[in-house]
Amino acid sequence: MSLEKLLVISAALFCCGLYAILTRRNAVAVLMGVELVLNAASINFVAFSHYVSRVIGGQIFAIFVIVLAAAEAAVALAIFLRLYATTGTVEVDTADHLKG
Amino acid sequence: MGFIDSHILSLMTFLPLLGGALILCLPKGTDNIVKIVAAVASFLPIPLAARLWVAFDRTVGGVNVANQFQFVEHYSWIPSINVEYFMGADGISLPMLLLTALVSFLAVIGSWGIKKQIKGYMALLLLLETGMMGVFASLDFFLFYVFWEVMLLPMYFLIGIWGGPRKEYAAIKFFLYTLFGSVLMLIVMLALYFNSVNPETGGHTFNMLHFMQQSAHNAWLKDFDVRILLFLGLFIGFAIKVPLFPFHTWLPDAHVEAPTAISVILAGILLKMGTYGLMRISFPIFPDVTVWFAVPMAILGVINIVYGALCAMAQSDLKKMVAYSSVSHMGFCLLGMAALTPAGMVGASFQMFSHGMITSMLFFLVGVVYDRAHHRDIDGFGGLGAVVPVYTFFVTVAFFASLGLPGFSGFVAEAMVFLGSFPVFRTIVIFAASGIIIVAAFHLWALQRVFLGPLNPKYAQLEEINAREIFCLAPLALLTLYFGVNPMPILNLMSTSLIKLVDVVKMVI
Amino acid sequence: MPLGNLASLSHFLPELAVTATILLLVVAHVVGGNRQSAVPAILSLAGVGAALLLTALQASVPAKSLFEGMVALDGFAVFFKALTALATIVVVFLSMESEELAGRSQAEYYIFLLSVLLGMFLLSASTDIVMLYLSLELVSIPSYLLAGYLKGGGRSTEAATKYVVFGATASGVMIYGFSLLYGMTGSTHLGEIGRALAQGEATTPMFLAAVMVAVGFGYKIAAVPFHMWSPDVYEGAPTPITAFLSVGPKAAGFAVLVRFFYTVFATPDAASGAWVLSPGVDWTALFAVLSAVTMSVGNLIAVKQDNVKRLLAYSSIAHAGYMLMGFVLLSPAGIKAILFYLVVYLFMNLGAFYVVILVANRTRSEEIADYSGLGSRAPFAAVSLAIFLFALTGIPPFSGFIGKVYLFAEVINKGVYWLAVVAALNSVVSLYYYARIIKVMFLEDPKDKSEIAVPAFPRAVLCLLAIPTLVLGVYWEPVIRMAENSVKMIAF
Amino acid sequence: MIRYAHFIPLLPLAAYFINIAVGRRLPRKGDWVSLGAIGIGLAISIGIFHEVFQAYDPNFKYHVVFPWLDLGGRFVLKAGILIDNVTAVMLVVVCTVSFLVHLFSVGYMHGDPRYSRFFAYLSIFSFSMLGLVLSDSFFFIYIFWELVGLSSYLLIGFWFEKKSAADACKKAFVVNRVGDFGFLLGFLLLFATTGVVGYDEVFQAIREGKIEGTLLTLAGIGIFCGAIGKSAQFPLHVWLPDAMEGPTPVSALIHAATMVAAGVYLVGRVYPIFTPDAFLVIAYIGLITLFISATIALAATDIKKVLAYSTCSQLGYMIMGLGVGGYTAGLAHLTTHAAFKACLFLGSGSVIHAVHTQEITEMGGLWKKMKITAVTFIVATLAIAGVPGFSGFYSKDMILGAALEFGMRNPQHILLFAGALFTAGLTAFYMFRLVILTFFGKPRDHHKYDHAHESPANMWVPLVILAGLSFSFWYSGWFGTLVQKPASAIPVVSAAAHGGVPAAAAAHPAPGATHGAAGVHESAPQAKPHEPASAPPAGEHGAEASHDAHLAHTAHRYAMFSSVGVGTLGIALAFVVYWFGWIDPEKVASSCRPVHTFLRNKWYFDELYEATVIGGTKALSRAMGWFDNNVVDGLVNLVAQIGVWVSWLIGKFDNYVVDGAVNGVADVTIGSGSFFRRFQTGKLYHYVYVLAGGVIIIYLVKVF
């Protein structure tokens, strides 16, 4: 395992995540896309902290990312539930009353 | 007198504002008190103006020399950027101050008949007066700019709320036009600020008089192309106010829609601010560009004269005709200024003054007939001369004054402009002179269609002009006549400064 | 040398105060449940007020770095803490008046509000990307909830949805950018990153990182093209929250934007007191363009709006554009201009929203058309709204004009004339739509003549907002001095 | 007495203000105020004339100056009173006529609702006219010039309820303004070059050669344009006949005796500035006018119109007289004409007063009814017809003499004399036609005839006085001595050299101009010494001074005989046609119908102007109005259009139709607004697209 490989993986993850966000209509799927992006970042952090800086800061950052991702996900899911309760669907593109 | 003398300009500027504030504090349903307070507040500047008239030393020039200004009030306002509260008067501003004091008061009296929300109306009117006074009194560019903008708001509401059928359109048009001009002015002001220094302190400054010291400019500001750009920036800002072809299209709408007294102020004072700004700011700060730009200015002036007159002739709305005639008359100011000769410059300034009085009369008169007949269609009348002789008399006086008949101040001003500018640009002035025919033509044509010929039975019972309206008109008429026969009192007031201005501009070549 | 954790606490009092208040509110919530009462509001007012006082005390304290260099205590941070605290106080007043929020659990609401405040405190002070990310999320996550706080409001929920997804994405991208920075410099501390970048020369990844970070901040300050969320969220969210988002987080966003870019991608130049770009990453040109685009897009779209809230949303985008002008100049005067502008912006913008709330309480509408004749229906509210709108336009003698003058001045001083001209023209455009509201209020006759009563308390609050808007337009020396002193920021 | 000269105009001014302000409340409605004012004026001016006459000095001059406008010495305008012989004569003439007209009006305007207003107007007129006479500089004569125009406007439009009157007064003023335009330019040209406005200073400056050649010619012609306007010369003569809409006394005062003469007076005043070419222009303008208007008068049937056109024609004589160098002649005719034409007009007024019509076709046989009027009228007619012994003969003969002299010097200009002579015949003819049709033959309208009656004393007294003044012995002798041609100010070098310039102003063959120059300058004393040095043609004449005197003598002798002959011919013809009826005018008219109608329609001048100038201006103004509303106001609008177009190119922009300037900009603004808001679809993933797109674009921009 070398740094390059890890970076390629994380980049791939990032792109997958972004792709999911851009293409998926289901809110939950979009949220998963976001998670992918965050994880890509985490991978970077860990990798860099291992190969580049010998300091542990990067790995701590990764943990923070995971935690906050979880928090974010919780809030997001709560909101999606509300969305479902009001509109009966979690298709994000049905929620387009606010525009212009 | 001590306090008054030392703060006379501030008093003239802010007394009306005080009155406005007082009016806002008055409870509902006290319309008469409101009117009286407004009248008093707008009258107070007049004795002060008289005081200025008496105390003003006619022998010192001012223009770009600080210690030659009179009634100076100079305090630091925002030290961090050297904004100063710097007021003072010289021969350029003093006539305008007098005019403002007089016309504003008459405007208040002229709006006696306003029914709708008189409270707000008067308050705004007084705020407007403060703005105008401030513009003419301030010598700090920042201060000047603030007052300049402060005028916009009341004007917008006065046109927009109390105006005619298309008031909203006219109001916003006026507002946008002027703001467009002023943002350009703002940029130029800041550019000047950063590229010139106060000779004494060496710091940046907004003091106009320092801008006028070419030595205070840095290398960038000495570059002629830059100066041209800055000059044009200012010029457009002022040209919109004058208004100069082709920036004049806000004027017919604004004048026509505005209530009578506001049209009076618009035409009587606001238009003068454009030319005043050129004299006070553009010319002394950019003398070299002024000389470079003289011919275009003269041409624009002539276009205004002839074009405005022709447009006026084409109008069927009396008020619109008068509005366009203002366009035409303001052209003389520009022509005279562009000549950069004593006669031309003084003539221009005198034209500002006399047009202020004449056009005020005209708008008052239009308002009188509009109040009674509820329309202003020139062809809709006829033969009124037989019904309302006194009114007809005043209109005739105003019209002949406006078409430059000798004996009225307008003639003296225009003659001076001609005498001053013809030696400089002959061909251009020949076109300008042709204006006198058209001007005469449309005035008399209107006069004939409205007052002469067989009486239109619809207006057989038309009510004669009343005492209050005469009270508004008589002083203007008398002054116009007096200064037409004996212009020296006013000319003495301005000549020293304006001749100095000419020299200041001419010095650079 | 950064203080240790315990030593830092004594300089952490405002944050602690806010935290304490939050905890108290939690207790109150547990005790009071969803009962309607003014207690939570008053409690949070007290807490924030205390925080504000404590912040004020910090003004004189010499700048230092806290918590092992995680948080900075410097004029810059103090200024923003004060600013955001002030904004929060006003927003609490707004919330107390708003009838939208009536019937929802008060305590909960204020818990979120104050958490956002805490986040903003930290955000404007954080000097380490970990802290930065943390506080950014602390600002974001509660505001997602606040945006969706209206009961059964489909719009509110939709707003929340968009907000959360967009926000999450943006912060995700930002984090990725962070990770790249970290990879290039091997440190999470802004100062060290900055120094590292200053030595090494530019690389494409480095610029990519810069852009990705810009996404995160751009989304916070709603700069084009990262602004898309804001109009919808502003429209959907409860009006007090809209007001809050348009001032508080935006201000905090600017704080972090300035601090981050000025420490990471530029290095202070001791000689001139200005900053010099780190090699390669010429982000000033980029942001100059963004600023122009932002103000233009904001103003142009605002012209088309019929909903006051949405109009104000776009106008706040435009104002972000104005403020960005000061950001690209790398000079203390530029930052000073931003700080000053934020102050005046706080008053005029919150004031405008406050009137919107008062009107909506009565008319249940935010359509411009329903403001017709407000001048006669509620003169006081109408006049003050007019004042706020003219101030937003930037016409003397209102404070907005002075704010603009300072921004323009620095731009012109730096010779970026094209930007000045664009901004000038923009303010003409902005007049067009602000004046539209004023026209409707004063120039048009009301559809229903009924009086809209404005009780004493709102009047007082309105005065509190209107008076500074007027006074700062005539005499602003103290505030500008304050802003001047707050420019210096440390990055250990 | 001369010290009080300034009172002459000021008293009427005072009278004006009094009458305007409180006239209606005064006893007799204040007519006595005006009457008194002008009366005193008359007294003073007679006193002045007496002093001048005592002095009996051709170069008499009284000049007082006081500053009027002074900009710290950088720009100074002085006002002043200048009295020389011509002025003195003019003062008497104006005051006399004015006084008599006031007197006449007391009766004529009796019972008019605006009686006092009328006298106020008369006073303001007297003021401006006298001021015009007294003023000493181009600037101030221009001022009073305008004021005279104003008072004429007021008086013509006095009965403004009549549409015709309303039209006429406007026409008069505007047409005069056209002339004044030229006046102004000429005066500006002089000022621009010499920097002074006083007559004497300007002459001096010209002597110093500050302005010369074509420029000076143009300046002269410009000044003369003023005269063309006021004195109703071709092509601006159209206003005078219409001006007859005013009350008859007004016609007598303004449009016969005084104001219209102002033009002639002006030319005389500034005589020294005219170059030979300018003089040629003047002469020919005069000729054209006198001929055209005489022909029109032939066919006119309105008594006042006939008189009006005869006035034009007589003014033409004066102008031409001045143009051909007959300075004395021109001014003499001005003086005599004032008397007899005023008499004619007042007489016509008395007739109209009696029969309440102006159509001579409805009169006839009035002789029996109103003897005094008839007699005075006939006396005046004899005068205007140029019958020896009457004033008209004396002055007109001088003009013809001058013309003939000029013609003999420059044969190609003999037309001037011929035309004038022929017209003298015409004058005699149409004037007697008028007399016969009015006072003799059988009454053609019995109803009117029966009501006719002699006018009251205060109306016929003026008639008698004026008739008395129509005899030549009043004028002959002293006039020629006192009123002598002033020395031309043009340095003869430039003049002759200029004369040599081909295709000079008057569009005549160059040699003609040359001789013209010589001819005119021949009698300019101070010119002689230079001439031999200067130009051969001038030189020749200079050498033969004695021959000149002889020439002049013969010229005048021939002129006298021929004019008497032609005059008799005209009178005889009139009698043949209208008294004995041997020739039926109707037949003549019908036999040359086109000519007749052409004349009846006054050569279609009004129609011509209506079609060209007036119509043109109106059209132009309408065009401008349209231009202003649509183009200029739509200029920003145009920008808007472009903006719309561009933005359409960018993003399928709805194509706006913009109207109004600011609306235009606004539309583009709004338009671009709605263009951008297209992106705000409300669809979440679109937002993210924009976000990602933004990043990528920025990045790409950076990389490439």
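Per-chain numbering from 1; labels A, B, C and D assigned in written order.
What we mean here is this: a residue touches a chain if its C-beta (ideal position, glycine included) is under 8 Å from a C-beta of that chain, and two chains touch if they have at least 3 such contacts.
No experiment lies behind these values; they were computed from the predicted model shown.
Asks: Can you tell me which chain lies farthest from chain B, using the average of the Cα atoms as each chain's centre?
Replies: Centroid comparison gives A as the farthest chain from chain B.
Asks: Could you let me know which interface, B-D or A-D, is made of more C-beta pairs in contact?
Replies: Pair with the higher count of C-beta contacts: B-D.
Asks: Measuring centre to centre with CA averages, how many angstrom lie between chain A and chain B?
Replies: Roughly 65 Å separates the two chain centres.
Asks: Would you kindly tell me how far, in whole Å, the mean C-alpha position of chain D lies from that of chain A?
Replies: 96
Asks: Counting in whole Å, what is the centre-to-centre distance of chain B and chain D, each centre being its mean C-alpha position?
Replies: 37
Asks: Using mean C-alpha positions as chain centres, tell me how far chain C is from chain D in Å, no decimals.
Replies: Chain C and chain D have C-alpha centres separated by 78 Å.
Asks: Could you pull out the residues of chain B that touch at least 2 other chains?
Replies: Correct list: 172, 176.
Asks: Where does chain D touch two or more other chains at once, residue-wise?
Replies: Where chain D meets two or more other chains at a single residue, that happens at 666, 677, 680, 682, 684, 688.
Asks: Indicate the residues of chain A shared as contacts by at least two other chains.
Replies: Counting only residues that touch two or more other chains, chain A contributes 18, 21, 30, 92, 95-100.
Asks: Let me know each pair of chains that touch one another.
Replies: Touching chain pairs, listed by label, come out as A-C, A-D, B-C, B-D, C-D.
Asks: What residues of chain C sit close enough to touch chain B in their complex?
Replies: Spelled out, the residues of chain C in touch with chain B are 390, 395-397, 401, 405, 408-409, 412-413, 417, 420-421, 424-425, 427-428, 431-432, 435, 439, 442-444, 475-477, 480-481, 484.
Asks: Touching residues of chain D toward chain A in the complex: what are they?
Replies: 677, 680-685, 688-689, 692
Asks: State the interface residues of chain D toward chain C in the complex, per the touch definition above.
Replies: It comes out as residues 666, 669-670, 672-674, 676-677, 679-680, 682, 684, 686-688, 690-691, 693-695, 698-699, 702-703.
Asks: Show me the residue ranges of chain B that touch chain C in the complex, using the header's touch definition.
Replies: 77-81, 145-146, 149-150, 152-153, 156-157, 160-161, 167-168, 171-172, 175-176, 179-180, 183-184, 186-187, 190-191, 193-194
Asks: Quick check: in the complex, which residue numbers of chain D touch chain B?
Replies: Touching chain B: residues 20, 68-72, 74-75, 139, 142-144, 146-147, 150, 153, 157, 160-163, 165-167, 169-170, 173-174, 177-178, 180-181, 184-185, 188-189, 191-192, 195, 617-618, 620-622, 624-626, 628, 632-633, 635, 660-662, 665-666 of chain D.
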